[in-house]
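So that you can tell them apart, the chains are marked A, B, C, D, E and F in the order they are listed, and the count of residues begins at 1 in each.
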Amino acid sequence: MFVVIAIIIGVASLIGGYIAIHHEDLSVAIIASGLVSLFASILFLLLAAPDVAMTEAAIGSGLTTLIFFYVLNKIRQRND
Amino acid sequence: MKWKNYLIMFIMLFVFWLLLNNSLEKEIVLLGFGISLVLPFLLCGKCEVFTNLSLSPKAILYSFLFLFTFLIALVKANFDVARRVLSPSLPINPGIVEVKTKLKSKIGRVILADSITLTPGTFTLEIIDDSIFVHWIDVQSTDIQENTKLIVSQFEKYLEVMYG
Amino acid sequence: MVNILIIIAISITLLSIAVSMLRFILGPSPVDRVIAFDVMSVSSIALIAFISVVSKRVIYMDVALVYGILGFLGVIVVARYLEKGM
Amino acid sequence: MIKKLIIIGIMAGVVLIFFDLFNAFTGNEVLSKTADYYARNGAKEVGASNLVTSIVVTYRGFDTLGEVTILFLTAAIISFVLKIREEDIIPNRQVRITSEILDSAAQVIVPVIFMVGIYIFVNGHLTPGGGFPGGAVIASGVLLMIMANPKFGISHTVISWVESISGVAFVILGVLGILFAGGFLDNRVLGLGDFGKLFSAGIIPIIYSFIGLKVGAELSNILGTISHAQNEKN
Amino acid sequence: MDTNILEIIGGSIAIAGSIFLLLGSIGLYRMPDAYNRIQAGTKASTLGTILSLLGLFFIFPSWFGKFMVLILFVLITNPVSSHVLARAAYHIMVPLTKLTQVDKWKERREIDESRKAHLRKVKIQKEGE
Amino acid sequence: MEYIAISTGFALMLLGLWGILSQKNLIKIVLGFTIFDTGINIVMVSIGYVRGKAAPILDVINPSEAVNEIVDPIPQALVLTAIVIGLGVSALMLVYVLKLHREKNSLDINSFKDLKW
């Protein structure tokens, strides 16, 4: 059963990674990279590593995404 | 009346801590008591969300009634969504309408907006003074009074007692 | 018996994540993508709860809680960025 | 054109390396030698039921000390690079105000998020998590405060006090390990207690609480600096 | 025997919850504009998650606290986040679908703006005098 | 199970590397870096996975039989460190991007040629 979950989650995270790299709108790209981290966290859970899953969910997907948005906001402000 | 805010915040955090730990051992209860005593003083110097909450028996009874109404509305809302989503012609008729509310206290308005969001076909877009702008998936009229009666009043009659 | 029921539930949840992923790929505006992100993160909470029940470990539920907090916060941050409120 | 060819060449090389690595990978059936030692003796020696915690805090405690230092340096460098003068701040910057609902709901949700953070690092030796995710969750609570009120400024004195006190306490607890037990960051300063209870595993919960507070303060400092820099003139 | 029946009831409730999650994402796919998508997505995902957790509670009653915390958390945060998102969508003018009947808020804002413009005009005239 | 995870990790690393090498936008390059980071973490954790074993937390497992029940905890501890350091590194890189944008008012990597030889 876990194998099926791992395949679907893995494929979804790869799609997220592709969007993160190739989408021209930067905010969409950043949301997609947050999605990659979120799915990676489920993958860690399936690999029997709940500590890593929790850290990845809190730091990798939460705070990193957020610092990206702050910087993007600053750049947008300066371009206006 | 600040103490009431602290008291309710303390009770909320303490119950949350016990649920989170899922056990009633002595040390866990003591530690949780200490933390939830200190935390509201650190974080809530200015906040006064719970100040207007009424603690009379009637209010507590009404909060249970409110919860019951809300849960029924939530289930109804989901069957409504299911019906709209699954029918091939997609029967929607959306629009943004305005309704009025009489509530003044902060937490009452939040709960009202949340319940509007989770009940059949409606959700809160913006709340300005006493008027709430609601996105309605199936607009039946554009009259303010009638919409208020349809959307708001079923929750407001309970919330008015609870929060004054 | 009960394991079969939970496996069916897991499959339906995975299907729902896949359909939301479709909206994430298609979605014309960033708002559509954010709402797809929100639905995916809430479905993932249910998925983690199912996984923890299948593996019979209560400790996995903590991960679901952190997941919920950060999903909520992510949506708030993106919304505040989009409406120029940062 | 040449650039593109070079990129494709590099990618092809990396693909080859990865393919080789993937072919060499066979799933494990038994634990490696070090892990075997930790699994046999970890619970007896350290008394924490989470083995990852006992590795992070005691067996490899120096790593963690260095990691916390790196985070501190990052925060310092960021606040140094983004340093802005007082006259650069725009007093009435146009920010769309928060919706009233988010403002009120944040007052309820922020203490809850802090509670979850405290729960995560206090229970670091029993459940997954520990200082780093706990600190991150606390920082995200601070972030929610900033989101609900863009003018909200974090008090730098409070943050630096929390940060320095917990950093110093971390090192002092480590040194206590040299004095009263086997070595630096040895957790047997206090008794090991009953296995699986909240107050057990020696000083691991205390150390993890300090790490959590320190990481939370550092991450909040980074967030606060970047958010403060939004007010700067072009 | 008793626990077995409880487990089957719990499993069925969990399946119902996941079906609601699926309906929510189908709604997300089919609806014509962002606001209707938020409608379908929020309601269905909230009830879906709550029902799934409730069903699992029947299977493991001793985990009561964790399930309760998650249910409360989802119930509090989900409407707030969708409200903030919808407000942002309206302010950056994500287009409404063509099926839309009325837009009271826009009317209200137009009235406000015309009143403000009128006041400004009057003020300028007075200063001119 | 571990094969699927490790191939996902390798694929994410390749995607991230492709992003770093081929994109012109500085923020896209940092994004590629974070994806690469995630990929490496997945690979490391799946190397420590032991088939059919449980997480290294002994709340329901008897400590005396732990050797035959748990997966390898060491890579997990290392990855825990790596994730936190990754956050520090990407925050630092983003702040430098901000600084660079202040100098030239552009995010394109081709406009920073001052030190090119």
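The definition used in the following text is that contacts are C-beta pairs under 8 Å (C-beta built on N, C-alpha and C of every residue); 3 or more make two chains touch, one makes a residue touch a chain.
Just so you know, these numbers come straight off a predicted model, no measurement behind them.
The chains that touch both chain B and chain F are D. With centres set at the average Cα position, the gap from chain B to chain E is 13 Å.
Separation between the centroids of chain C and chain E, computed from CA atoms only, is 14 Å. In terms of their C-alpha centroids, the spacing between chain E and chain F amounts to 33 Å.
Chain D has residues 50, 52, 96, 99, 101-102, 105, 108, 112, 116, 120, 127-129, 132-133, 137, 140, 143, 219, 222, 226-227, 229-230 in contact with two or more other chains. Shared contact sites, meaning residues of chain E that touch two or more other chains, fall at 24, 26, 38, 42, 46, 63, 66, 69, 73, 76-77, 80, 82-84, 87, 91. Each of residues 2, 46, 50-51, 53-55, 57-59, 62-63, 66-67, 70-74, 78 in chain A touches at least two other chains. Each chain pair that touches appears in this list: A-C, A-D, A-F, B-D, B-E, C-D, C-E, C-F, D-E, D-F. Looking at the complex, you find that chain D touches chain A at residues 50, 52-53, 120, 128-130, 132-133, 136-137, 139-140, 143, 219, 222-223, 226-227, 229-230, 234. Within the complex formed with chain A, the chain C residues making contact are 7, 10-11, 14, 17-18, 21, 24-25, 30, 33-34, 37, 40-41, 44, 47-48, 51, 54, 57, 59-60, 62-63, 66-67, 69-71, 73-74, 77-78, 81-82, 86.
Note for the complex: chain B touches chain D at residues 9, 12-13, 16-17, 20-21, 25, 27-28, 31, 35-36, 39-40, 43-44, 47, 49, 106-107, 109-110, 113-114, 124, 126-127. Taken together, the chain F residues at the contact with chain D in this complex read 2-3, 6-7, 10, 13-14, 17-18, 21-22, 47-51, 55-59, 63, 66-67, 70, 72-74, 76-77, 80-81, 83-85, 87-89, 91-92, 95-96, 98-99. The part of chain E that touches chain D in the complex is made up of residues 73, 76-77, 80, 83-84, 87, 91.
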